[in-house]
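What follows is a pair of complexes built around chain A, which joins chain B in one and chain C in the other.
Let's turn to the complex of A and B:
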């Protein structure tokens, strides 16, 4: 094992362990500011360090510090303290490792050796995701049960019933995807989606299997306990559901676990249905061949995009009431300078790509980075869909939830499997 | 005069609506339009930038109490106990004493209002026969670190000025 091998393993493990953690901050920020903007209010934007609000991101740090230093209480009536403490960590751990099988870039070829860009390079792929997310409900059940609290127990029972009902349509929706792709390995699925359908449409799962996409997304929402399926913590009837008895950092771990699960399931939806790390119309081979033109167009596009972005910051980061020497204008100028600095650094790297020999290892690394960026942008968009749905739809009633799962999604998924199999057999 | 009956159209029975997805997308388009509008120009948010921008309090609004005075600055209150008797929250406590300046026979020696118990119903103002207590200070935000600070006495009640001119009071201020 050479030094490069060890380095690449460290990189891929670090990526799949820390990127979900970094995205917690982004998710929480998107959720709260997004919720504000959906409802025509501002959202948390007052917390500041030396007057720098960072569009409300400082609020995350403030909340994190608050939760970290709060008194960690365990009520006396809780008998099973071990399970009580363990429950949030099961949820969090399962959420993190469910992301481990998602490929975030195509196999990187360096010095004649291929490096799989996946936290845990496994062939079972999607099966791992199903198994691990199914396991995370144990954390919720354990939390509700060990709380010795009616609300908690009801919440966790609801959650268990919900996961059982929606795991089946989700699995069946996957079966039709597996028939199409002919593999359970997520890397191979993402590579498959780099092809073109009829020569001009990217061969994404969403275009091949729209019904399957719909069922899978609905089931994934239910699996993450997100609105409209957040009956496990329906605050109007159950206070907070399974985490009523939790406070301080134990609550925060539940909270972060929820967002990591959201990130992981977004990543899975992206990989299965929206081409994973693939840039539409440019598969990995094409990207490596055309690395220089792509870098050149990025060099032109970035400053133009940044110019409009700077204008947007300048227009929106001002005080909306009369104020002398508005400090938010200076703040905006600092942000704009930081972003321009970032653009300059990226430009220098792109010049490096233009100078380097085409098709060499620099091009390979450049393509891998480009694909990672594409992957993260797609995942962020999917997370936005989660947030968007949350602030649009009201919560389901419990019988409606079960009816939707068993009477609508399950027959639809079965029908989809039959039709897909018939088409696949007819074509082959 | 018969009541006007408006028959509401019952929604949700057509096939498109029963599929539910189309309606979900319609709703999502509506919320997205709000997001994009606010993202493009955040001065369009329906928010007041409190505390930098204070709300406008109308004259009829019941704020913190004050005691009014005669033109020469002496207290109007004659300690008749009407407000204390009328108070549903029992937050007013008056101690009466003799008065020697020929304006009345009695005057309050101490007049305490516990603002934490007060429910701002305005019954004291209604009950007062001499227009001696009013709630026209326009103070709506009361904060302090200890409970004792919320029991305000004669001095504080007398020194707080009214926030509105006399004409507004005659139009029916509190």
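Let's turn to the complex of A and C:
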């Protein structure tokens, strides 16, 4: 193994381990701002460091510190302390490693060798995701059961029944996707989606299999235990469900696990149905060939976008009443300077791409970075859909939930498999 | 070398899990140790480069079946004082071990007397998803289809039966 090999392994393991962790902060922030937006209020805007509020991101740090320094207590009635402590870590760990098989860029070719950009380059891809998300049920069951508490037990009963029953439509929706793609490897699926349908539509899973997309997204919402499927927590009826006895960092680990699971399942939805890291109409080969024009257009586009972004920050980050030496205006100016600095750095990198020879390894790295950014932007948009649904729809009743899973999604998924296989056989 | 260390670790874990399943009094602890055994078995399959069996072991045994078992144990909500008092369970255990040891010795002897084969991992993607699929759909198509139809009938039948009982009530 050369030094480059070791470096690439380190890069991709680090990416697939740390990006979900970083996205916890982004998700929590988006959730709060999104909730504020949907309920027509401001959201978190008080926590600040020297007057810098970072659009509410500082609130996350404040919450983190609060949870970290809270008293971590286990009440005396809990007999199975080992399971009680282990449960949140099972949930968190399963959520993190379920992201390990998601490709975040196309195979990077450096010095004649290809590097698969996944945390663990495995062929079994989507099956790994199914296996690992199945394990997170254990965390929820153990948490509710070892709490020795009626609310906890009810919550974990509901949650386990829900996750087990929604795994079936999810698996069946996947089967029809596997028939279309002809592989279980997520990298190959993403490469397949770089093609064009009829020459002008990107061949994304969403266009090929809209029914499967619908079933999979509903099942993924249910697996994440989020509203409208949050019967396990059901704050108004079960207090907090399976984590009612948890405090301090053990609660925080549950909380973070939920957001990591949301990130990982958004990443899977993106990879299966929305082209993964593919930029529409520009597959990897085209991007490498046209690396210089793309870099050139980005060089022009970035400052223009930044100009309008700066204007937006300046308009929105002001006090709502006249103030002398408005501190928010100074705050906004600092933000704008930071962002301009970032733009200048990116511009310098882009100039570097323009100078380098075309088709070389610099172009390959540039394309990989571009695809990583595309992937993260798409995942962020999918996370926004999660938040959107959470703050729009009310909670299901329990019998409605089971009816939806077993009597609507399951037959629909089976029908979809039959129709898809008939079409695939007719076309081939 | 690395593979051998992994093999020893997984083998030890799976045996420890099995011992735990027998020795723990509380059913939840027993079930959790069985999960450890299942996962370490999956690890052993992965070491044999049988990818598909590895992930099926994780999904079906360690995932689906065990979560149903644990779900039922949680549902029954067994407390320590619900469990029967087992007097002389160590006596039975010692008896069992005494019976098994000669059989185990015999088995070890049988395994050792098998003519020595160099244990190598079969190459060419043996055990991958595609290879197993090709074998299933070329050489074993009819049995495979019959079994899959049977499972489909069982799945639909379960849903129909569950729905019917609710209507009658």
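Criterion: the second predicted complex is superposed on the first by the 428 of 428 C-alpha atoms of A that agree within 3 Å, B and C clash if a C-alpha of one lies under 4 Å from a C-alpha of the other, contacts with A are read in each partner's own complex, and residues count from 1 in each chain.
Following the convention adopted for this analysis, a contact is a pair of C-beta atoms (placed from the backbone, for glycine too) under 8 Å apart; a residue touches a chain by one contact, two chains touch by 3 or more.
Not measured: the values here are computed from a predicted model.
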| item | value |
| --- | --- |
| Contacts of A:315 with chain B and chain C, given as first, second, both or neither | first |
| First, second, both or neither for A:138, with chain B first and chain C second | second |
| Which superposed partner A:231 touches (first chain B, second chain C, both, neither) | neither |
| First, second, both or neither for A:260, with chain B first and chain C second | neither |
| Touching partner for A:393 - first (chain B), second (chain C), both, neither | first |
| Chain B versus chain C as contact partner of A:282, first or second or both or neither | neither |
| Of chain C and chain B, partner touching more chain A residues | C |
| Which superposed partner A:214 touches (first chain B, second chain C, both, neither) | first |
| Which of chain B and chain C A:38 touches, first, second, both or neither | first |
| Intersection of chain A interface sets (partners chain B, chain C) | none |
| Residues of chain A that touch chain B when the two form their complex | 34, 36-42, 214, 315-316, 319-321, 323, 388-389, 391-393 |
| Touch list for chain A against partner chain C, complex | 79-80, 83, 122-124, 127-128, 130-132, 134-135, 137-138, 141-142, 144-145, 153, 156-157, 160-161, 164, 167-168, 184, 406-407, 410, 414 |
| Of all residues in chain C, those that touch chain A in their complex | 26, 28-29, 32, 35, 51-52, 54-56, 58-59, 62-64, 67-68, 70-71, 73-75, 77, 80, 128-129, 152, 155-156, 159, 162-163 |
| Complex interface listing, chain B residues touching chain A | 21, 24, 27-28, 30-32, 34-35, 38-39, 41-47, 49, 52-53 |
